[in-house]
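Across the two complexes that follow, chain A remains constant while its partner is chain B and subsequently chain C.
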Partner chain A sequence: MLTSKRLILAHFWLAFIVFGAALVLGAWQMFVRSPLNAWHFNPEFYYRSVTAHGSAMGYVFPTLIAMGFGYAITEASFEKALIGRRWAWTGFFLVAVGAVVAMIPVSLGLASVLYTFYPPMVGNPFYYIGVVMVVVGSWIWVALMVINFVIWKRENPGKPVPLAMYANVAGCLLWGWTAVGAALEILFLILPVALGFKSTIDAGLARVFFSWSLHAIVYFWLIPTYIAYYTIFPRAIGGRLYSDAMARISFILFVVVAMPIGVHHLFADPQVGAGFKFMHSVFTGLVALPTLLTVFTICASAEIASRLRGGRGAFGWIGALPWSNPIMLATALSLVMLGFGGAGGLINMSYQLDATVHNTQWITGHFHLIFGGAIVIMYFAIAYDLWPHLTDRALDSFGLMRTQLWLWFIGMIVTTFPWHYVGILGMPRRMAYYDYANPAISPQAFSVTMSAIGGFILLLSGLLFLLVLIRGQFGARGEAGAYRFAVPLHMPARIPVALNSFGLWLALMVGLTVVNYGFPIAQLMALNETSVPAVYVGAGR
Partner chain B sequence: MATETDHSLGEAVAARIERRWATLSIVIVGVLVGMAAYIGIHQATMPQGRVETADPRTLHLSGEFIESNLGSELAADGSVIVRAIGQQYSFTPQCVVVPAETPITFRATSADVVHGFLIEGTNINTMLVPGYVTDLPVRFKAPGDHLMPCQEFCGIGHQGMWGKVKVVDKAAFRDMAAAKRRLTCVD
Partner chain C sequence: MSDQPLFSPRNPWFGISVGVTAAIAVLSAVAGLIWLPLAQPNLKLASVWDAICSAAGVPRAAVQEAAVKPDFKTSNVVMTSEMLTKVDQVSIGRGATLAQRCAICHGPQGVSDAHSPNLAGQFAAVTYKELNDFKTGARVSVVMSPFAAAMSDQDMKDVAAYYAYLPRVPSNNLDTGRAAPAVVVTGAPLRNIPPCGSCHGDIDNKAGSPWLGGQSAVYIKAQLEAFASGTRRNDISQQMRNIARQMTAEEIDQVAHYYEAQP
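Let's look at the complex of A and B:
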């Protein structure tokens, strides 16, 4: 039974409003840099927009989803009210105010540094302060989730923590630790320069700190999606979860190996040596493991549901799945995008293949397919599934939901496949425009136009999504009943301590990060002639 | 009682299938990582081995990146060294000339913010981070012209930062090098 409905709804609504605004910016960016636009615009607006789009989509939107969903999971799975609701509101307001504080200088053109910061370029200090506020707000959530987890375990000795909550806390711990990298970069390297106490900065060291956060943040975005795969999807289609233990192992693997792999973003950088790049490449391979396990478990859970409904044959059962159910559709489309995106990720993981696509549109295509596609489509599914429980009103525009989900899938494929292709041709990313009159670039014009059209389809789908939710707010009143999670096919008689706690995994997470990041960071800190003059950016400079 | 047995039998089957898939997953990842490691060791396509530094404040005053030393140099052993600088919003030299079928080393750094370059139609792709020297061994198969855009956001003029690479015949390059110590496309 959900008791903090207003709190959870506030998180989801703010998240989706931010998402809608950032989506408009994204579609505009797709348009202005495509051959559809005749060139006359100020490129500075483009970088402003990219900064806002990235910061909103990367820092604010998924964080609010994870927070809101986390509170819902706590109350639904523990079947009691959240402990620390007032603190939760404090966290929410910190995120909201932080987002505004960060967006003001960005929209004024005072911090067009993109959401990845790129020192020695340094923007207005309020941009970084806003981002820090967002992160601190989310850390309150991390603390609350851990407190609720620990108290429940004390009250229920020997009982297994419900899978949804176990996974939720895994996501919290992952986020709590991965945010430390970017926090160190902002607090110790960028902010002193932005505030004018210092005028030099070690760009290489800053990039290493940022890479610590940059990859694992993706898994933080991913965790709500995986929780939905494991604990919402099987229940929504009338089946069972194939394996509870394997689900726990997958989330544990994310906690342990998501962090010590970030240097794969720096394969082409001169400030990290070959040895640690190789280490990080190997660990990046390992992080494919939980995804492979998940795909198996979810497909097997779907098969169980289908056979319960009378599905037959080696493949015939696929047709017997409840395809008109939006959660079924969203999950299937999500897995298809995860498949393509994951294959692209395995390509990026190897140094040799990465050299061909590094910093090209391939990368933009890759993370939009994984995050915007596979992950965000499940955020939609989570909202559709939770909405009646949050609003106490029926959410029954199923046809609209299916249209919206299909449009999102089609839009994402039409956007990202041409992006991957022009990336292989060598089209660099993060550019306000391209000279399509250049004979070496003109063959790419058609693909860029295609992906711009995909962007418009995504915008349409996003608007439909908001429409469905708004209609849900005015639907017929009706009690949705208790919110339940999927039940495993075979509930294990007892769960090993290791799969019901986090002590060991936390130690491994921190230990592996220290092993894989300790030396590169120490080496750069010991090099003293590498601090370079900051380059302040902003309108009027 | 019968259902109890069915249940535990089903559980055993489920666990067995799951173990098989987990083993297969580990093998897949192992093969991919093994491939990357093998190629890295045997074809020597490994990242830059060590960290070198260069102070962007004094690049133009002394050291290997002074202006008269930028461009392509024919080394005594027949290989070529290309020295270049990236700055907001151009490369120096803006057009790099290199011979085909020759081992070439790119040595480059940045004079201000983070830049990068990739050479279209090849897998040459690297970052320029101010304070550090990028050292990249490359080889071009055939003569031809390539675009060389900056691939990292470097400020509001980033979209205009496009260099060029002109790959010429080996003999033609040798003739050019006989006349001048450091070469660019204009020589």
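Let's look at the complex of A and C:
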């Protein structure tokens, strides 16, 4: 039973409002740096916009989704009210206020440092303080999820924790530990400089701390999507989850190996030794494992559903799937985008190949395909699935939902394929202006234009999505019944302790962090004269 | 549920997961810290310990070779963003007195028609750096060098503070309606030219870059040409020389007149 409906709805609505605003900025960015626009204004606006878009899309939007979905999972899977609802509201307001506090200096042009911070650029302190508030708000959620998990286990000794909740807590723990890197960076390196207590900053160390957060944050974004794959998708298409244990192992693998691999974002940085880059590269390879397990399990679950509906043949069963069901459609489109994005990711993770795409538009193309595409399309699916339970009203604009999902998929492909391509041609990322009249880059003009058109398709799809949700708020009243998650094919009555707890996996996560990050961090902290003068952004106006 | 304690060597989950994780960590460490560096002949590593240190990123003392010194003086001022940004009334007062001898060229209010730079409202760090460079010989001018030679460090700071305190005055050629040339608004990325304003204050200010609005076009043009030809070399790390060399004569002319017309 969902009892904290207002709490959960507040998270989802705020998330999608932030998403809608950031989407407009994204489409604007796409347009202004394309050949469709003759540049006639201050290029600094572009960096303001990218900072706002990146911070909103990267920090605020997915965090709110994970939080709202986490609360829904707790109540639905434990079938009881959330413990600590007041604290949950506190966390929500911290995130909301933090987002506003961060965005004010950004919109004034006082913190155009881009969402990755990257010192020695230093912006207005309120930008960083706002980001910290968002993180602290999410830590309240982490604490609440762990508390609910522990109390339920105490009340239900010997019973397996429902998969959705187990995965949700895995995401919380991963996020709790991951966010520490960026928090250390902001609190100890950036804020003292932003507040004027110091005028130099150890940029190399700051980047190492940021990389600690930067990779695992993408798995934090991903976990709600994977939870939806495992626990919503099989039920929505009338089937069963192929394997409960396989699902648990996937989430466990994320907890253990998603974190100590962030140095793959620093392949081109001189301050980390090549040996550690290699070690992080090896563990990056391992992180493909849970995704492969997931793709296998989800396809197997789809096959089960199809055969239950009478699907036959080696491939014939694919046609018998309920394609008109938005969840079916979203999951299939998501897996296709995950496949393309994953192939690109293999290129990024290899030390040598990365050199050719480093800091090019390939990278932005890549993370939009995986994150904006594969992950966000499942956020839509989660909202569609939960909405009737949250609003107690029917959500039945199925045609509109399918159109919206298809548009998102098409838009994403049209946007990101050319985006990757110009990256291979060498187009750098994070520049406001490109002189397409110059023969050296004029061949890229066509691809960039195409990509901008894709951006408008995405904007249209985003607006349709909001329209569906708004219509859902005014639909016919009707009790949607209890919210259920997919049932596995074989539900074991007893499962090994290891698959029902996190102690061992947390120990491995922290241990691997120490092994892979301990020396590089300790060394940079011990070295003298590694600081450089800060470059204050927006200070001269 | 299995009653076996989790953290026990007899629990297979514990043994296998810890064992596999440790094995991967050790193997990747051996490969990354020992085997791969030793396999690269150009690293010229003497021992396994050397290989580990090198791959772990421990800094090695650079080979001691005498650095090639340029045959001219370079600026020795270390610029930071907040340098001389704190207003000091005493310093401004002293600067006002000292600045009397500058007035003949730079005008009693820091503005003149003599095609010498207008100093009123200039960033203090900029005036200070230029005086310093004249004094050390990093920048040479028959007129300015003798003045600077006689100034103490505090004198230079005071004069700089005084001029920063004076309000900016637009030139007689003020024309705010004048369209900005492309190189000012967008720069020319393929020639490595950023927009002028990204350093010179109309978009953002980077330490040491002067405010250009209202400066004499003759002066701006002369300086850009001096940077391009290499007769002026006091810009730290060739920041301006690299840009000026890439500019066409026409662009130099355009920006000179554009900035003269700005407030």
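Basically, the second predicted complex is superposed on the first by the 537 of 541 C-alpha atoms of A that agree within 3 Å, B and C clash if a C-alpha of one lies under 4 Å from a C-alpha of the other, contacts with A are read in each partner's own complex, and residues count from 1 in each chain.
As a working rule, a residue touches a chain if its C-beta (ideal position, glycine included) is under 8 Å from a C-beta of that chain, and two chains touch if they have at least 3 such contacts.
Here the structure is a predicted model, which is why all the values come from computation and not from measurement.
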**Request:** Scan A:Asn325 for contacts with chain B and chain C and give back first, second, both or neither.
**Result:** neither
**Message:** According to the stated criteria, A:Leu293 is in contact with first (chain B), second (chain C), both, or neither; which is it?
**Reply:** first
**Prompt:** Between chain B (first) and chain C (second), which does A:Leu527 come into contact with in this model arrangement: first, second, both, or neither?
**Reply:** both
**Request:** May I ask you to decide whether A:Ser213 touches chain B, chain C, both, or neither, giving the answer as first, second, both or neither?
**Result:** neither
**Request:** State whether A:Thr231 touches chain B only (first), chain C only (second), both chains, or neither.
**Result:** neither
**Request:** Based on the superposed arrangement, let me know which partner A:Gln29 touches: chain B (first), chain C (second), both, or neither?
**Result:** neither
**Asked** Between chain B (first) and chain C (second), which, if any, makes contact with A:Ile441: first, second, both or neither?
**Response** both
**Request:** Mind working out whether A:Phe267 is in touch with chain B, chain C, both or neither, as first, second, both or neither?
**Result:** first
**Message:** Going by the contact rule set out at the top, does A:Tyr433 touch chain B (first), chain C (second), both, or neither?
**Reply:** both
**Request:** Show which residues of chain A both chain B and chain C reach, each in its own complex.
**Result:** 43-44, 271-274, 277-278, 282, 286, 431-435, 438, 440-441, 523, 527, 533, 535, 537
**Request:** Quick one: which bits of chain B touch chain A in the complex? Just the residue numbers, please.
**Result:** 7, 10-11, 14-15, 17-18, 21-22, 25-26, 28-29, 32-33, 35-37, 39-40, 43, 45-53, 55-57, 88, 112-114, 116, 118-121, 123-135, 145, 147, 149-159, 162
**Request:** Please name which positions on chain A make contact with chain B in the complex.
**Result:** 43-44, 46-47, 50, 112, 114, 118-121, 202-204, 207, 242-243, 246, 266-274, 277-278, 281-282, 285-286, 288-289, 292-293, 296-297, 300, 346, 349-352, 355-360, 425-426, 428-435, 438, 440-441, 489-490, 523-524, 527, 529-533, 535, 537
**Asked** Any idea which chain C residues touch chain A in the complex?
**Response** 1-2, 4-7, 11, 13-14, 17-18, 21, 24-25, 28-29, 31-33, 36-37, 52, 54-59, 79-82, 123, 185-190, 195, 197-198, 201, 203-207
**Request:** Mind listing the chain A positions that touch chain C in their complex?
**Result:** 39-44, 158-160, 196, 199, 256, 271-279, 282-283, 286, 431-435, 438, 440-441, 494-501, 503-505, 508, 511-512, 515-516, 519-520, 523, 527, 533-541
